[in-house]
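You will see chain A twice below: alongside chain B first, and alongside chain C after that.
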Partner chain A sequence: MPRYAMVIDLQRCVGCGSCSISCRNENNVTEGIYWSHKITETSGKFPNVRYHYIPTLCNHCTNAPCVRGCPTEAMHKLENGITMHDPKKCIGCRYCMINCPYGVIYFNWKDAHPSWRAGNSVIKEVTASPAEEVRKVGGKGTPYYNPERDATLPGIRPKGVVEKCTFCDHRVKRGKLPRCVEACPADARIFGDLDDPESQVNQLLGKFRPFRLKEALGTEPAVFYIRDFSSAGYPRTKGGI
Partner chain B sequence: MKLQLWIGLLIIGILLGLWTTFRVYTEGFSLYAKTDVLVWTLPLSTYIFFSLTSAGLAFVSSIPVVFVIKRYEAIEKRTVYLEIAVLIASFVCLILHLGSPLKVFYIILSPNPSSPLWWLATLYSLYFVILLSAFWRIHTGKMSKPLGVLIFVIAILTSTTLGWLLGMTDARPTLNASFFSFYFPLTGFASGIAVVILFSMVSMHLSRQEIPDGRSALYNEFGRLMGIVAGMVAVLFLWRTISGGISSTAVEYGAFKHMIGSVPYNMEFWLGLVVPTVLMLIPSIRATVWGKVTASFLLLVGMFAGRLEFVLSGVVRPLGQMAEGRPEIVSYMPTVYEVFVALFGLSVMLLIYTIGERYLKLETAPE
Partner chain C sequence: MKEKESNVVTTIREILSDAKLSRRSFVKGSAVTGTAMGLGFGWKPTLRALAQASAPLSDGMGEWMPATCQGCTSWCSKQVYVVDGRAVKIRGNPHSKVNMGAACVRSHLSLQQVYDPDRIKTPMKRTNPKKGRQEDPKFVPISWDEALNTIADKIMELRKNHETHKYMLMRGRYSYMRDVLYDRMTKIIGSPNNISHSALCAEAEKFGPYYTEAIWSYRQYDVLNAHYILLWGADPLAANRQVSYYSKVWGDVVDKATIAIVEPRLSASAGKADEWLPIKPGQDGALAVAISHVLLTEGLWYKPFVGDFKDGKNLFISGQMVDEEAFEELHTNGIIKYWNLELKDKTPEWAAEITGIPVEQIRRVAIGYGKAAPHAISWLGGGPCMQVRGGYSAMAVHALNGIVGAVDNVGGTLKANKEYTGKFPKPDDFMDDIAKKGKKHKKIDQRGRLQFPCLKKGKSGGGVITNNAADGILKDDPNEIKVAIGYMNNFSFSAPQPERWERALSKIPFLVHITTNASEFSWFSDIVLPDTHHMFEKWGYVKAMGNGYRHVTLMQPIIKKVWDYKIDETEIPWLIAEKLAERGFDNLLRHYKTYKDPETGKAPTNEKEFALYALKYVTQNLWDPAKYKGGDKFNGWEEFRKVGVWNSDPYPFRKRWGKMKTKTGKFEFYSETLKEALEKHAKKHDTTVDEVMKATNYLARGETAFIPHYEEPFILGEEKEFPFIHVDHKSRLNREGRSANCSWYYDFKDLDPGEEVWDDVAKINPIDAGKLGIKSGDRIKLASPTGSLICTAKLWEGVRPGTVAKCYGQGHWAYGRLASKIFGKVPRGGSSNDLIPAQYEALSGSSAYYAVTRIKIEKV
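Up next is the complex of A and B:
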């Protein structure tokens, strides 16, 4: 059985956000919830400043604190290392959100896609309302509803339960790459089997010095980051007093 | 007439709670002042307040059985009944905290023993059944010793498991386990004594009963015990402030440092701990009914605020990607619906108690 992991090459990542947008489309993610997101930082003092962009998603930790804490095993590990969630068993206690050090688990505070349920049109009897739009195209919740998501998880998660990235387990099951990996125009996301010494993931991990988020907590994330983007150079110096 | 007015007020509290329940489960939890950062707020802190108070009451009710101090049997029946009422109030608040409470049967169908939450749910279910049996035994004769011991053990387990539950979160060291596994039972004990004093005194005052001499000495003893425990808690509270709020350099403690200046923090320390300790350590005040009532009431108000302070100190600082686009510390003000949840729990508890006081002869001591 493979053990899946992802390498994110920060030198290749241009911060375009197509991973996040493709994820939303693939997984019918509602507004306010981010299965794929980012952490941005600014370092230095003006005018010498630099912007850092780190794409984030569920780390599918080997020692997942969310799984350990879930009272009903709604949050569980699959044999292939993916941390999966079963909304049928979720009681909505949000203990996984408290336990997750990465802030990647979200709670459905209300019914999903509220803006697409609105019945009012912009220009009455001229334009269609969002709800009519959804009906016309035969969508379910949204006009761009992806029925493939239903294979392993309710296509749209109900209110009162949590949700998070699943490494697109429904695609992986069919031998396809996660949608964010496929959609990345810079090939900054590399997905593969950590137990296969020849996998591209392992080749990259052996070539560069990887880091993972909050490694000191011992959660053993399966998302690795390599390199960093910087085109900057500087004249050789020893500084000064 | 006064009783009818009182029951009317409690029914209003319950109706507001039922209305909140209906709205929360039809419209969603966006009615609460919750965000993806503030995942635990007033409904959960109220649950913690009630559940720890119930555990504290269990310690008090177990004293005659576990430590064979017979004079405490005089308040055993009322204490066990209060435990039940307070525990039901905690369940009410918990239900309104959970996103999908109807699925709780998965705790049995799909158990996860590595989860402290699973243990807590299991222990509380057991605790409730044992409490009902214990009350029945007292009502029909005398408390059974095995049941009394079991209540004592389960009260220790539930209050310490709550500490484990929050302390297991390595990502939020402000909820540190080793500290709260001790702090929770102790503060619960203080709340339990305060509830016994407050309800006994007020019940006797309302029924215009004179406090018998023996009973009066017992309540004074309780007052002194409450002062001692509140004083001990105040010392622990200061250590927590020094270790987490001043000496720690960990960035995660920024949340707790923020809470130190907050209203709930100061309410817990000054109203809930310092004032009751001082009041109960002065013999002339301790001997008065108003002194004991004031001290126990303030202690409970302080503990209620303290539970909120504790929960918020774990969540106000966003973690990981949740911090994106958010301030370093997120502010919190409960919505009216969250206040209704707390009011719902309190009204249910008071109504159950009022019914018991009227029909179940809670004053009765075993022969």
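Up next is the complex of A and C:
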């Protein structure tokens, strides 16, 4: 059984967020919930300023605090290393959210895709209502609903349960890369098997000094980062007194 | 919209380490349950839906279909994942050598566009005869038949009265099927007035390369072989062109090349640059000539391209004239004249004060750039040139490529590769006397007048001055406009000082709009026709270049059409032609019937056949093996259609050295090409070039008019009343101002550096904000001498003090439920165009967007 991991090459990353929007799309994630997300920072003072971007997602920790804290085993580890959630077992207690040090688990406070439920139209008889559009197109929740998500998890998660990134387990199961990896225009995400010494993931982990988020906590994330978002050069200097 | 999250991590420092918890205590702590007490329960999971939800493994439910994205002018080839006729996902078309399978972030928003519930699903007409921003048009649905009959009647009335020149066609986003509607229909009806949006886009950007190396076009850049990339107001990782391609390779580009970016705002590309040069708006020309000065004084020009001093000694010494005879020039023209007339005194010290960039940085960038010659790109974006006096900055910035020999060279700046699409049949034989006479009238945008040279490709009045058409309409000058059609344009939102368009459109007695959404333009229309979405529902093609290739990529109807849309550039003109024929004027229909299917030789019999045959007709050279001319080879239409994209042969480097289409055949620092164009324009108006300079608001006199040079920017507003210079910029999520009705746009708006989700912010330097007592989140009003908008303040270090950066894209008061706060009444956010005055770079006809106005900030 493989043990999946992701390497994010920050130098290749251009901070565009294609990962996040394509994830929304693939997993039919509702507004305001970000399975794939980022942290940005503008550092320095004008004119010595730079913008930095770190993509984030569920780290699929080996030592997952969300799993340990779940009273119903809804949050669980798959053999392939993916941290998976079973909404059927979820009681909505949100311990996992409290325990996750990365803030990547979200709670469905309301029914998904609220804006698509509206029944009013902007111009009477000339434009449709969102609900009518979904019906007429034949989607579910949204007109561009992805039915393939439904293979291993409800295509749209109901109110009252948590949800988060699953490393696109439904795709991985069919031998396909997670959607964020496929969709990254910069090829900044590299996915593969940690147990295969020849995998591209291991090749990169051997070449660079990778880092993981909040490593000191001992969660053993399966998401590794290499290189820097900014690879700026600067004039040689020893500084001064 | 955003729910409160627990454990929200907000800074990079915070997520890289956590000093508060040790490894032991954290992992142990995570197993306990008491921490959740404060959250409160009372949430009953909805489990009913789940029981039905577990379906069998759904594998391969859809198919990737070829498509083309026109979310920006990169014009990438894409693929759409179609499940049961429904568009579900987007990716790059792996067959394209231009975008190489990459899809930028904005492409995904097309899904929310095509299924936008606020798209009009049927033709409609206004029932309120009064037109104006405050007048609800009271639209009611009508049939296609009624709509087309009305349009045909109005056109026939013009024909009957021999006033066909009062017909006007306005073009917005187009494919290369455009000529069917834009050119052929306008000509055969008999009007000169086909007005494109091009001068709102980038004409001034084409001015620089045209009057140096005779290409009126955008360029492509050989970034993977470049050692230095100097970006001027260009943001290739966020705004066009070839965002997908540059996103794909940038991680490798930064390994090899030094990246320096000139821009008053810290852009997405600046985030990954080695040098940021936050220039004072409008001073780009000063920086460009100062860099040129350093290149010459330091002996860093590329001798195999430019040539050298006859005795090998560098005579370019600051402040000193050089004898033209002393230099033997190779593939360029006028390097010594350029030095003597402009560069000799333009030292970094001179430029530092004007530009706000330190002397050391100017020198460092210049020397780094020069040492990288000839693999050193000077990349001209819209910023430095879409300014009132930006034409010569465009030349100065592009001329840097000439100095370092990057023109047409490996690791340099390239033109488009050859492609072999054809043209539609000529309209001449179908133009009757009324049409011929009508077409002879002058155009409504007043191009070619003394103050509007619009020197596209060297011709006086050769290019469009889009935004001035509003004034032409308002003043009936050269004549009134009685019947007008606009398609996929939205001038009353997308053009500076749009209030003029509101009045102009209200004045046109009969206005038709072909559009997907009821926009700010539709608001003034009598009839609105529902358009197809280019990416999923239309037959068409576009050409684009990048990565040393050119591709021709197809648009095809690949999804189930939900409502009654028709294709703007083919189906609708055909249907109008049928209606005109019914009324005894069949010239247009007879013309369209000559667009025969190359495979069967059959003439089209209805609008659907016409749309397809017209496309096959113009692209035949690409897919018909019998007509093969180069690039990718197909065995027929079906194969081309399935692949969806044709690629050219690779770029032939340095083939144009010494054979450019300029007057001298060389790369012109002293532009004989511009001299001829200006002299012809002056002669046409019986005056001198100096008078043309004066009329177009330029300061150059004499020979300086023919060389790249610095001009002090022309910025509206007194500094005392309007202390800040407005900096307009684009969003990586913009689909040309048409994504504001997509929820993803707002949920991800902070993908633009400095921006916020679900808000529209003006980015202000904290030093300036402090003086005004403004905090992030304050509601503020920005006002220029010509307009104002209301938005939210955001304090940000990524803007130059003395400037305010505001992103274009929001501020719609129509277009849809999300785009506007109250449809037809209240905008969501503020549109930059409400601040920008209608000013022009008149030599190209371009609207000025940058360094064109000062503004003030007031708390509201």
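Rule of thumb we're sticking to: the second predicted complex is superposed on the first by the 239 of 241 C-alpha atoms of A that agree within 3 Å, B and C clash if a C-alpha of one lies under 4 Å from a C-alpha of the other, contacts with A are read in each partner's own complex, and residues count from 1 in each chain.
Simple rule for what comes next: contacts are C-beta pairs under 8 Å (C-beta built on N, C-alpha and C of every residue); 3 or more make two chains touch, one makes a residue touch a chain.
Quick caveat: nothing in here was measured; it's all calculated off a predicted structure.
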Practice item. Determine, under the contact definition given at the top, whether A:E73 touches first (chain B), second (chain C), both, or neither. Key: first
Exercise for review: Give one of first, second, both or neither to describe whether A:G17 is in contact with chain B, with chain C, with both, or with none.
Suggested key: second
Review point. For A:G103, is the partner it touches chain B (first), chain C (second), both, or none of the two (neither)?
Key: both
Review point. If you stack the two complexes on chain A, which partner ends up touching A:I39: first (chain B), second (chain C), both, or neither?
Key: both
Practice item. Using the touch definition from the top, say if A:I91 reaches chain B (first), chain C (second), both or neither. Key: both
Review point. What's your read, chain B or chain C touching more residues of chain A?
Key: C
Review point. For chain A, which residues belong to both interfaces, chain B and chain C?
Key: 32, 38-40, 56, 65, 68-69, 71, 88, 90-95, 97-103, 106-107, 109, 159-161, 213-214, 217-218
Point to revise | chain A residues within the chain B interface of the complex | key: 32, 34, 37-40, 56, 65, 68-74, 88-95, 97-104, 106-111, 159-162, 213-214, 217-218
Review point. What residues of chain B sit close enough to touch chain A in their complex?
Key: 27-30, 34, 36, 39-40, 97-101, 103-104, 106-107, 109-112, 114-118, 121, 165, 168-172, 314-315, 318-324
Study note, to complete from the structure: Seen from chain C, its contact residues with chain A in the complex are 1-3, 5-13, 15-19, 21-24, 26-27, 29-33, 35-36, 39, 41, 43-50, 53-59, 61-62, 83-92, 102-105, 108-109, 111-112, 115-122, 124, 139-141, 237-238, 244, 247-248, 250-251, 254-255, 258, 266, 268, 270-276, 278, 364, 518, 560, 562-563, 732, 743-744, 747-748, 750-751, 753-754, 765, 767, 796-801, 816-818, 823
Study note, to complete from the structure: Contacts from chain A onto chain C in the complex sit at residues 9, 11-18, 20-22, 24-26, 31-33, 38-42, 44-47, 49-54, 56, 63, 65-66, 68-69, 71, 87-88, 90-95, 97-103, 106-107, 109, 115, 118, 121-123, 125-130, 132-133, 136-139, 142-148, 150-152, 154-155, 158-161, 170, 173-174, 179, 182-183, 185-188, 211, 213-219, 229-235
